[in-house]
Amino acid sequence: MIITLKKDAKQEETEKLLRSLENKGLSVNMIQGDTFNVFGLVGDTSKLDERLIKAHPFVENVQRIAAPYKLANRMFHPQDTIIDVNGIHIGGKEPIVVIGGPCSVESEEMIERIAYKVKEAGACMLRGGAYKPRTSPYAFQGMGTQGILAMEKAGKKTGLPIVSELMSADKLDEFIEHVDVIQIGARNMQNFDLLKAVGKTKKPILLKRGLANTIEEWIMAAEYILSEGNPNVIFCERGIRTFEPYTRNTLDLSVIPIIKEKTHLPIIIDPSHATGDWKLVESASLAAIAAGADGLIIEVHDDPENAMSDGVQSLLPEKFDALVEKGRKIAKVMGRSI
Amino acid sequence: MIITLKKDAKQEETEKLLRSLENKGLSVNMIQGDTFNVFGLVGDTSKLDERLIKAHPFVENVQRIAAPYKLANRMFHPQDTIIDVNGIHIGGKEPIVVIGGPCSVESEEMIERIAYKVKEAGACMLRGGAYKPRTSPYAFQGMGTQGILAMEKAGKKTGLPIVSELMSADKLDEFIEHVDVIQIGARNMQNFDLLKAVGKTKKPILLKRGLANTIEEWIMAAEYILSEGNPNVIFCERGIRTFEPYTRNTLDLSVIPIIKEKTHLPIIIDPSHATGDWKLVESASLAAIAAGADGLIIEVHDDPENAMSDGVQSLLPEKFDALVEKGRKIAKVMGRSI
Amino acid sequence: MIITLKKDAKQEETEKLLRSLENKGLSVNMIQGDTFNVFGLVGDTSKLDERLIKAHPFVENVQRIAAPYKLANRMFHPQDTIIDVNGIHIGGKEPIVVIGGPCSVESEEMIERIAYKVKEAGACMLRGGAYKPRTSPYAFQGMGTQGILAMEKAGKKTGLPIVSELMSADKLDEFIEHVDVIQIGARNMQNFDLLKAVGKTKKPILLKRGLANTIEEWIMAAEYILSEGNPNVIFCERGIRTFEPYTRNTLDLSVIPIIKEKTHLPIIIDPSHATGDWKLVESASLAAIAAGADGLIIEVHDDPENAMSDGVQSLLPEKFDALVEKGRKIAKVMGRSI
Amino acid sequence: MIITLKKDAKQEETEKLLRSLENKGLSVNMIQGDTFNVFGLVGDTSKLDERLIKAHPFVENVQRIAAPYKLANRMFHPQDTIIDVNGIHIGGKEPIVVIGGPCSVESEEMIERIAYKVKEAGACMLRGGAYKPRTSPYAFQGMGTQGILAMEKAGKKTGLPIVSELMSADKLDEFIEHVDVIQIGARNMQNFDLLKAVGKTKKPILLKRGLANTIEEWIMAAEYILSEGNPNVIFCERGIRTFEPYTRNTLDLSVIPIIKEKTHLPIIIDPSHATGDWKLVESASLAAIAAGADGLIIEVHDDPENAMSDGVQSLLPEKFDALVEKGRKIAKVMGRSI
């Protein structure tokens, strides 16, 4: 960590700060500049709060050199982490996973029907929402427990592990019992109590990036889960909010090489929420594979016009099928398979 | 609601959509254009999901005319809502409320000491965090219940109602018993289960705007609370995330006249989080009053360098005092008082 | 165009607006709603300024149905436009063009040396800046005319057409004489006088997307060029400005299918400026090809540490070579070649 | 400047970089950390390009300590610069200037009529556009020279200095002869050739902030003008682009105290473009004065519905009058006048 001090800082203030840092076990080097002086700190600064040091009126700026995350940091864990979901492996050089399914579970019959269709097209996991975060209180809020049980049944019949979003820690037991991968949604990426709760389980966690969260904040959210003892975190990019009104979000594919450089955890892409428009999903999916993604999670519906949510961004099964077909060829170029 | 249809839409598809809309009790007018046809819907469209209509392949676009919120809408509730917090009134032409206090409660002695200082400077409520949403799992997470009890004590001694952030519904009973105003933080603005939970109480709710949420999404979050039966919502703008790195966030003061035009609820401003820098807090606070805010919530600490969080954006009590003094004069020009 | 009128609009005001619209040759349909009335306009609204109609105090909102661009609009020009640059074709199903070269021309020897290297790796055009838009007045501003002449020479020797940025209309004659493709940089995307000037030539124009411009504004910038008589516009996405600090910009690949749906013009991607980091360029380039791009423009330097600008985002020739190799395989999957 | 080096950097590479920095007259201090080594540079780093240093593969990061601007920097020029426009002073503790007038000059009669009205309301300068940057090539592009001459006439009759936007250096002579303050628009903030051109004059320059430009980039644009020899730069904030669709832009008032801390130059606010809606202009204007602005530039039109541009954000003269009246009272609280 680098602390920039104003030139007119009084010596006693500077020394007081120096001693307080040394008391934290850090060694401090000082550089005298023309317009500023600089403290360079050596030692473990991950628990130092830079905004507190900045509170000193004679401190001009504080800059972190080492990343604030430890457990997620590839520097201390060079090999790729491979997440195991009922025998399906995610990450490293493993096959690219394709997760398909509807936005919302609408009935037992419906989720089973679509489960078979996505399986046939090549998906290896089933997605579906039973608890739905909706902007409007008047919109369909999901089937709840009935939806989770319907998914579990469809998953068992087809042999597909299931992924569903947990919105509140009070449903955690239900998810531990019935769900294979627990999704933390974009709006809850910094719901720290929820992160701590899922960190106490051993379930694989699909951690979506928040609407307007930086890559570092996202890794810190993973660090919350890891620090509670759960090493099974899968990052999921789903687009960020920008000024562009045409797409629902702006898909940031640069996160793929960055997450892989900074951390040892796998990352998958959600092209459906990223674009918000089924016509853009194939292009985004192929791009994600070419960019190095470990997987895709895609909304599929066989009657999007009558879907209970997100019909506009859901692919018809036949289009999903065609997408997987092309994706397989791109994956091969990348030295992987689907 | 206006639905734009592609010119090449088949008549039977158009008619099917027409009938399904009419079955929902809406009356539909059709306009034939040169490049598109248009359906204009008359009736209550607040429960219609535009993303589902957009899922029809022959629909080019869907545009909402009427706002999707009803209970928060000034159109149906023209007079200002005044929120009562233990006799202090917020909104309308009532005096501008100033809420002061530390970011985090650090000890019983500390919160009491600061409570007296902010009261002396003219604050009419005390803020303080006991459960802290921190980006890093390694940062101070707050005193929890002990912090809430210490605040309650300080509030009783000074006669100031207390405001504190609730992060999880499982602490709701504690907050109902000990806290006067429940704050929903920016990161939880779309934690819909939490919104529903506080909507079932009658406590005043301070609803912060999310990091990157539009005004409409923010009003919809209020609508969640109102629709559960709690009419006591106070909006709180705390800056939005932009590309500008110099400030922590970008304070959007235009929300003041907009919220007052669109809704009947009061709105206050948090200049501390908006700027992230105590040197910018006074300027932002005076601007907020001149823009028409109903109140301010400001971080105050008497030893910011040793604060346990957010020291850099906390004002010293004497600076807070000077700010309130100037604010009073601006308030007077605006036809109000502090 | 759809005009929403407040319910309390006086009849005479409404009629005045109605007549003024009809005088512009538009036919107007009125829908009476519960909370608003609506005018639906039929006819050519491309020259109507919606912000002027919005100025009427009884107008609540104005929404455009038809796109405001005509010449760029695929609706009126369904077949792909193929741009010809000295026999190289860009767009449609033509081979994907790869343009390589340094950020700045640094000397005659240097640009010739790199020209041979990028050609060898598979590039079909040479890029290089002679007039450089630099944030700081103290940074290297480019070699100017000497740079243009050096590029022309390198282009002739290698047989590669050259692409260079024009910053000011007073250098247009120089560019017409010596340059094959004129680049309009991101910072000048809405320098309308410059757009008009290049619109008066027949040169192919590489039109970069502005830092924070919407897709519609970008197409309107192309419309400026087209409306002056120059049909040869190539769009170039180079990342947009977002809150994320890790990358220089955020690459928005969704523009590829959108530009291809809305317009008939080709689009290429600049992964160097989009990411700002050579380590991220390969991933972004492959993703762009998989997303359907018509080309890539990539910064290449054989001594990036001593480059006069943008060294950090320049690829070494051997890495560029490897990238083109992989790109070729992805292109093949997409039914194209490089 | 602080350079972070990877631990595995080879000694010879490190030494080569060290020597090249020392050859530039800088003294270099090295700190050995646990995970990184750090170079701290002492000396004038304003002409060092951090992106070139970052190009070294063994460099992890480069951070600037001292600001990259010199002439605009308050550190080297502590007293406020006061700009003189025909005897009207802008900046320091001088009266707050109010500039009013239409978006576009529409006729000689119109600009004269409005000039008298804004003068009566308390404006001390007249604004008006003769060359208009319009998103659409089909929109009104301004009266050009006729408009400039009409403004000059109106300015002479009323005694108000005139402000107008220059879009292209080829009109500079016209502006030097007829215009009092040359405006550089938001879209041209990084049109560096135009900045250099106006830097060669002695005219006061009103430098608008770009749509999505950081404060530092904005100050660097001023530095371009200053470094050519023109010290008369007035900053003008007009809102930045964000995700919020309700307002045209988001007004960032925090720039007022920041520009005043970092530079010695005056800053004024344009609430008309910032909000894009006349109903929001008064609130934003009063807030700007309370935040410490040195002036306001406001669009005024006496027939907004028939304006040739931007009617929706233009105030009627009587509303402008009321605004100035309230502004005067806020100014008084701030220790200034209008």
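In order of appearance the chains are A, B, C and D, and numbering begins at 1 in each one.
One rule holds in what follows: a contact is a pair of C-beta atoms (placed from the backbone, for glycine too) under 8 Å apart; a residue touches a chain by one contact, two chains touch by 3 or more.
The chain list, named the UniProt way, goes like this: A, B, C, D = 3-deoxy-7-phosphoheptulonate synthase.
Just so it is clear, the structure is predicted and the values come from calculations on it, not from any experiment.
Any chance you could name the chains that touch chain A and chain B both?
The shared contacts of chain A and chain B, listed by label, come to C, D.
What's the chain with its C-alpha centre farthest out from chain D?
Here the answer is chain A, farthest from chain D.
What whole-number Å value describes the gap between the mean CA coordinates of chain C and chain D?
Those two chain centres are 26 Å apart.
If you average the CA atoms of chain B and of chain C, how many Å lie between those two points?
About 39 Å separates the centre of chain B from that of chain C.
Hey, how far is the Cα centre of chain A from the one of chain C, in Å?
Chain centres of chain A and chain C, defined by C-alpha means, are spaced 31 Å apart.
Provide the list of chain D residues touching at least two other chains, using ranges where the numbers run on.
Touching at least two other chains: 212, 241-243, 245.
How about chain C: which of its residues touch chain A in the complex?
Chain C residues touching chain A: 212, 214-216, 240, 242-247, 250-254, 256-258, 261, 274-275, 279-280, 283-284, 286-292, 326, 329-330, 333-334.
Where on chain A is chain B touching in the complex?
It is residues 46-47, 49, 51-52, 54-56, 68, 133-140, 167-170, 187-188, 190-194, 196, 210-213, 217, 220, 223-224, 227-228, 241, 276, 278, 304-314 of chain A that touch chain B.
Which bits of chain C are touching chain B when the two form their complex?
Touching chain B from chain C are residues 2, 4, 29, 31-36, 38, 40, 42-44, 60-61, 63, 65-66, 75, 212, 241-243, 245.
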